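Every chain is named by a letter (A, B, C and D) in the order it is written, and numbering of its residues begins at 1.
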Amino acid sequence: MEKVISVEEVSSFFKDGMSIMAGGFMGVGTPEKLVSALLDSNIKDITLIANDTAFVETGVGPMVANNIVKKVITSHIGTNPETGRKMIAGEIEVDLVPQGTLAERVRAGGSGLGGILTPTGVGTVVEEGKEKITVDGREYLLEKPLRADVALLKAYKADKAGNLVFHQSARNFNPIMALAADLVIVQVESIVEVGEIDPNDVVTPGILVDKILV
Amino acid sequence: MITTLVNTKEVIAARVAREMKDGDVVNLGIGLPTLVPNYLPKGVSVILQSENGYIGLGPVTGEIDPDLVNAGGQPAGILPGGAFFDSLFSFQLIRGGHVDVTVLGGLEVDAKGNLANWVIPGKMVPGMGGAMDLVTGAKKVIVAMEHCSKKGDPKILEECQLPLTGKGVVDLIITELAVFSVTEDGLVLEELQEGVDLDTVKEKTAATFKVNPNIA
Amino acid sequence: MITTLVNTKEVIAARVAREMKDGDVVNLGIGLPTLVPNYLPKGVSVILQSENGYIGLGPVTGEIDPDLVNAGGQPAGILPGGAFFDSLFSFQLIRGGHVDVTVLGGLEVDAKGNLANWVIPGKMVPGMGGAMDLVTGAKKVIVAMEHCSKKGDPKILEECQLPLTGKGVVDLIITELAVFSVTEDGLVLEELQEGVDLDTVKEKTAATFKVNPNIA
Amino acid sequence: MEKVISVEEVSSFFKDGMSIMAGGFMGVGTPEKLVSALLDSNIKDITLIANDTAFVETGVGPMVANNIVKKVITSHIGTNPETGRKMIAGEIEVDLVPQGTLAERVRAGGSGLGGILTPTGVGTVVEEGKEKITVDGREYLLEKPLRADVALLKAYKADKAGNLVFHQSARNFNPIMALAADLVIVQVESIVEVGEIDPNDVVTPGILVDKILV
């Protein structure tokens, strides 16, 4: 199966109302070209799952600023004033999740787990509406899996089979989101032939990657 | 020695630095806590964990790499012996007790070791980011903050009024006036900062506290 | 074409091979299932997952590497485009539905899609290894086994007697006599192997089953 | 802190009755020198946590064969007839755990989780004594964390700070066990200076590694 696509093909994967996971931490490790293609594709009512909503102009920030997002599931919105403004105005719904819990929920969604028990958030508003389970005398919150229709990821290098390696702190949520979406599209800085990445160095195996944009 | 520290934040950071042990794995919150490494005693070096995905956070060296930022999104560096990983692994380290010390700011702290520092309802809703995991998972939680708010209101309370970041999680509170430990019996004033008297601390603290007998 | 397959195991493996689609990610159990790749139709290639920690399982090429074995502990190779990972990640792939097909042997299979293949109490207790995760997580579970035990007893039952590996997990049963699918209404005989008649299958199967009308 | 130790120092870390995790899959990726040091140290009543009990003569197999193990928590004992024989004779206790569940339990133990919810084992004997939790209409088993006093691991290469990289299929349980023990001792094939391993290539960061044996 040919995985390498052109930027023109990207928009065909988007639909109104879909859920989208996007890699990145304050824009670092976010696939800007894929976000840009999403903005151009004129869709709406997206549920966005991302570590943070970055800045108005960078990362996933423009998705929020450009009114295509209905709901955000994220750990931090403080650097993008548009997210807070729209939330207070009732224009978008924001579900704030502790960062480690967000990572665990995405991994659970991609790993066939029904959830994980975390001590994070016990005794805070985070526990509202969640089941509390005591294991060996300590209370934990049952946090449920998260999945998305599409994951928009960024990697440093891919081979044509989709094997990925990442660069510096741009790795962040990208590898776990590769497990947790029905369609995984990755923007890479360079692409090499199959066999050129040492199998010991692969971080995300190609079987998880559906489409590659250079 | 520390009389040259004219700035409140520097006084706090310098005192926090004295809590560090050589080889500690430390996560520093944004703002004041990032000043701590400047004041580490001789012979003490710590390993900084950055929750966006690495161990060995250091200053920028050479050209700025857009793929290398700290947890505040600012350009950063990595020291020799460091390692990158994904967000999942980063929080495995944090939640799993592999981080020795975390230093965070606070909006309110109380006598039960509760901390509030992530939201002022209706006013400021940045989100908790990694703070809830850090206070839950790190072996030692130090709140480093100015003793009172900008308006002059006490931030050390009998009970936090703002939504909590963590319940019963704080070990030590360090301000420009004093150092408190949180014990099962409530707060204990462990130290007065240089030139500060007990009455000042009492006046500016809205929680009852015991006083360590070592304080004259 | 397959008339040259004199060996029962080869007949089974060759039929299993016809279930594979090009590009499928496949995990093969120890023994009979490992023969499957020898019989893949032209134009179909699959990617083998090895639960001890890699994608791209292939034959040994060049010198034997003691660090490179298959899930049976035997020397193996890795194909270009393969990737190594740890056991946690390996089972994230398996449990998370990233493996398209798993092929396992069976001691007993029943009309509800239950499978027993990991223990004979008091006699053989090897442990389940990765089998329980594989049958739970793989998108399609094929049991590839001889139709009857060495003693001649049916292995396809109304209800398994041995402790289960998985409950309601089997999609397809392939033996040297027949192919059954497991549906909500129970077993359906989908195919007779070449030269096998329906009465033989009925006689050697201890479960009721429907017959696909396509079978003459 | 100096992490590199000599083989003579290894035995000082062992005590009667302790729990020990050991990396390896049928002996591949098992630290044979550390197992050998353990056998020489004359301790007893160990709880062993390992993927399998390997063979009588290799991997962790000799630990079972040499009567130092009281209990094994593992996914497979079929290749070491001594494990089965001693189990039937009542000489050791064997707790059989599905392989993916074993990996998850070790990770949970090392990651501060109270447990995970897995569908694996539902409807089988594995569910005995465990809490069943229904999430979104599907049943899962609550599987609890596993930790050990000591982890005996094997890596391909370490730097002197303990950063580890692994080789081929010898990785298996080693990286997750590095998270889940109070003392982590790693046998490596070679050791290099700090800074010689690219931080992007590190699989297990040095902060998890206490002692290194070359």
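Here is the rule we use: a contact is a pair of C-beta atoms (placed from the backbone, for glycine too) under 8 Å apart; a residue touches a chain by one contact, two chains touch by 3 or more.
These figures come from a predicted structure and were not determined experimentally.
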Rounded Å distance between chain A and chain D, as computed from the means of their C-alpha atoms: 32
Computed distance of Cα centres, chain D from chain B, in Å: 35
Between chain C and chain B, distance of the C-alpha-averaged centres to the nearest whole Å: 55
Multi-partner residues of chain C (at least 2 other chains): 54, 78, 84-85, 91, 94-95, 136-137
Residues within chain D bordering two or more other chains: 104, 107, 112-113, 118-119, 166-168, 199-200
Chain contact graph, described as a line, ring, star, complete graph or other shape: other
Every chain pair meeting the contact rule: A-B, A-C, A-D, B-D, C-D
Residues of chain C that touch chain D when the two form their complex: 50-54, 65-69, 71-73, 76, 78, 84-88, 90-91, 94-95, 114, 124-133, 136-137, 163-168
Chain C-touching residues of chain A, taken from the complex the two chains share: 1, 107, 110-113, 159, 161, 163, 179, 194-195, 199-200, 202, 205-208
Chain A contact footprint on chain C (complex, rising order): 23, 25, 47, 49, 54-56, 78, 80-85, 91-98, 136-137
Chain C-touching residues of chain D, taken from the complex the two chains share: 25-29, 51-52, 74-79, 84, 87, 94, 96, 98-104, 106-107, 118-126, 156, 166-176, 203
Complex interface listing, chain D residues touching chain A: 104, 108, 112-119, 131, 133, 135-136, 138, 140, 142, 144-145, 165-168, 199-201
